[in-house]
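Reading through the structure tokens given below for one structure.
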Amino acid sequence: MSRRFSWFNATSLTLGFVFLYLPITILVIYSFNSSKLVTVWAGFSTKWYGVLFRDQAYLDAAVITLKVALVSSTLATILGTMAAWVLVRAGRFRGRTLFSGMIYAPLVVPDVITGLSLLLLFIALGLNRGIGTIILAHATFSMCYVSVVVSSRLVSFDQSLEEAALDLGCSPFDAFRSVTLPIIAPAVVSGWLLSFTLSLDDLVISTFASGPSATTLPMKIYSQVRLGLNPEINALSTILISLVTIGVIASSLISKRASVRRQRQEQQALAQS
Amino acid sequence: MTRPDPSPTTVFAPWDDPDEPPLIRFDNVTKRFGDFTAISGLTLDIYAREFFALLGPSGCGKTTLMRMLAGFETPSEGVISLGGQDIGPVPPNKRPVNMMFQSYALFPHLSVADNIAFGLKRSGNMTRQQISARVDEMLELVQLGKFGKRKPHQISGGQRQRVALARALAKAPKLLLLDEPLAALDKKLRAETQFELMDIQEKLGTTFVIVTHDQEEAMTVASRVAVMDHGRLVQVATPERIYEFPNSRYVADFIGEVNLLDGAVLRKTKAGLTISWAEGQPPIAAQGPEDLQKGANCTFAIRPEKITISSDKPEGCANALSGRVLDIGYLGNISTYHVELANGQVIKAQMANNRRLSRRAFSWDDEVWLSFTDSAGVVLTA
Amino acid sequence: MNLRRLALIAVPYGWLLLLFLVPFGIVLKISLSDQALAIPPYTPTFDLAGGWAGIKSFFTGLDLENFTYLTTDNLYWKAYLSSVWIATLSTLLTLLAGYPIAYAMARARPEWRPTLMMLVILPFWTSFLIRIYAWIGILGQTGYLNQLLLWSGLISKPLVILNTPVAVYIGIIYAYLPFMVLPIYATLEKLDSDLLEAAEDLGCSRFSAFWLVTFPLSRPGVIAGCFLVFIPVVGEFVIPSLLGGSRTLMIGKVLWDEFFSNRDWPTASAVAVVLLLILIVPIILFQRHQQRQQELDA
């Protein structure tokens, strides 16, 4: 559908993006406010960044959050890719319906329920709650997102490529490793990125899964924010927003450049033939 | 393709009648998209009850011309009038013109009957009974009486094509536009549907304008064909004239198969022209335009089926060339022979296989004679 | 191969069984237990050492008391009702806000569309918590919105928005807008422009062509978007907790308080079980809708 772009369309897009981006923009601007009162502008200053970096609690929370995110998203990617393969390629087996139900359910079950149930499990198993249990919890819900992303790629992927590999003498495992995996790699990578962000972002499940020994950044932020506006949080938000923005723009530029290069190569190939 | 008029003594040829007002008139119409000129300075009259075909390769401007008639594009310059009235400012939903889309554009969420009723409901001056009666009538017309309740994805491609036709005809438009209407059908179904289209057009008397890139389709269905190239009309004539008297190399080459021999006028007499065209080959005797001067460059065009093949030199024929059979293409009803002359020129000739021969008359590498009369081909200057 | 296949199936299967299904069993079990001043704070606990007698006393210790309690205390059913109501209304509001955006994206020039899509997704990658926090500064008594309105002279007294349901609606629309826009955009983008031309050719104005063709054909996207907003919002915790104040009652917050503040694990578990039962209907409807769409596309 590509027809006349009307004034109504332009207005709705403008209003929509203002609505989406204005709150974040204000947050970023006021992180450079010198006043302790967050909503009253008193001049430009970067002092809250200084305060933030000297605050050991935030640094500790950031380190824990990164550790959790790195380990849990890697675990989730491995498990999720396996699960995707099971969903798409493993054929029929006993309990398949239950399996696919367990893959899709965590995507829609409210965080409070997932968190509560995991906490009760950890207690029942007598596990010491801390970084380890947060990682287990994050890996569990993230693997479901990974398997959805990867299985949609697996479904669209031409199975005759795998059959060709088998025909040329690969074992099924070799075929998966040398043909399937490289082709679904982009989906695996985006699954990892998604898990990583979900883990960085999670408050509710972490709060349930963690003990007194581990506080993640969202937990720290939440405990501060509940008490009201806080200039340090504005500075922290600005840093997080910039990191994410840079990350997303960089990855989209990389993928765009790859597709442009591919197009150019295809054109050259056409011109030569 | 002439068709009977109410009075059986005259043929249907309103374009030859200077008193007949055209239904549609393009007057010096130009259409530009940015820097690209899709239609340039085009003037054309289309008459009521015509089945008019716009024919050309993709990108020649035929679709733009049709979209201007439907109202989806407006001309950059010039005037398009329908029944003597400028329709430039009339939006598509107010024009007495309906279109059958190449994709059929059937609404997937509506049943076949609701698709047909869609336009009728918009007109606002019909009762529900009238609408349902009209829908039934249209379903009957396209022989889909039992399929009214089905959704478009529950019927076959050929049936969808007929629904699209019924929907476009339901409002009894003055003009029906058909954009590559048969392109999505397979060859056999396409041939049948062409005749159905002609029957329906004759029955209703609606003016049809069809856009196609398929020359056979245009020749079959149309009363007149307009051959287009790069936004211009190259020739507008009946299918017979387009085929037998193409006005240019472009038309001769685009329609059907043809042998094109470039040469120059050697002699000019009352009886006709003589064209010299290759070293060592006898000049060709032909009928040609009066204004062609001696020495002028020209092209001799002759259709393969106008050339006779024989093993001995035929007596008393205006033209006879000798060569060797290079290739034979057996097509069932006819065979095409590629014959190479002494100078390397390959001429295509066709012969009807009107007898079931177990043994072909000619075989590869046979020495043969090609002959044709002086009126078998045309002399082209463009 | 068969051993490998078995291992490939067993690892993710076992993981999900242990960390997803078993926990739900535990929640269900505790919801049937009684609160106790102990660690863990409920009885009965499973006592395998007690042998058959232990198992028997375990099952006789289970009852529906917590669920009866949920029906007797107003707080709970009010919280469920209010969560479902807030989720319904905010889903509709998100649809009203999201549809025009998706529509405009689908009508933008094709070369612009990936960028527009990225702009819609980008906020989704930034922290949810921070995006909600940003509204505290805007909607508060001395917030930017009140500053602007007071300065412009439209109001003389600051509006109370923060810590009311209005703030919760704004927060939900803000946070869930991409979930509404993207599925609608996906259906609108696939829409064949020939269909709209056909509608106009058959006498529709552009406005009626929208209502008779575009909107009905975008319905799968609208339905998917509504489910994607409604289901998580019912159990939402962060938004009512940060923007809703004490006056907004939502079940996610009730569960959280029951667990962390009152340390009443059996009641919290019962709340969770009922919430899941409420959500099961829309979840199943959503799954069936998605499956039907996939079959239609194929």
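A, B and C are the chain letters, set down in written order, and residue numbers restart from 1 in every chain.
As a working rule, a contact is a pair of C-beta atoms (placed from the backbone, for glycine too) under 8 Å apart; a residue touches a chain by one contact, two chains touch by 3 or more.
As the structure is a computational prediction, the values presented were derived from the model and not from experiment.
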Chain contact topology (line, ring, star, complete or other): line
Chains most often in contact, by C-beta pairs: A-C
Chain centre separation in whole Å, for chain C relative to chain A (CA means): 18
Between chain B and chain C, centroid-to-centroid distance (C-alpha), Å: 60
Of all residues in chain C, the ones touching two or more other chains: 192
Interfacial residue positions of chain A with respect to chain C in the complex: 1-6, 8-10, 12-13, 16-17, 19-21, 23-24, 26-27, 30, 37-40, 79-80, 82-83, 85-86, 90, 93, 95, 98-99, 102-106, 108-113, 116-118, 120-121, 123-124, 136-137, 140, 143, 147, 171-173, 197, 200-201, 203-204, 207-208, 218, 221-222, 225-226, 228-229, 233, 237, 240-241, 244-245, 247-248, 252
In the complex with chain B, residue positions of chain C that touch it: 192, 194-195, 197-205, 208, 212-213, 216-217, 219
Sites on chain C touched by chain A in the complex: 1, 4-5, 8-9, 11-13, 15-24, 26-27, 30, 40, 97, 100-101, 103-110, 116, 118-120, 122-123, 125-131, 133-138, 140, 142-144, 147, 174, 177, 181, 188-193, 196, 214, 231-232, 234-238, 241-242, 252, 255-256, 259-260, 265, 268-269, 272, 275-276, 279, 283, 286-287
Complex interface listing, chain B residues touching chain C: 70-72, 91-94, 97-99, 101-103, 105, 107-109, 118-119, 122-123, 167-168, 171
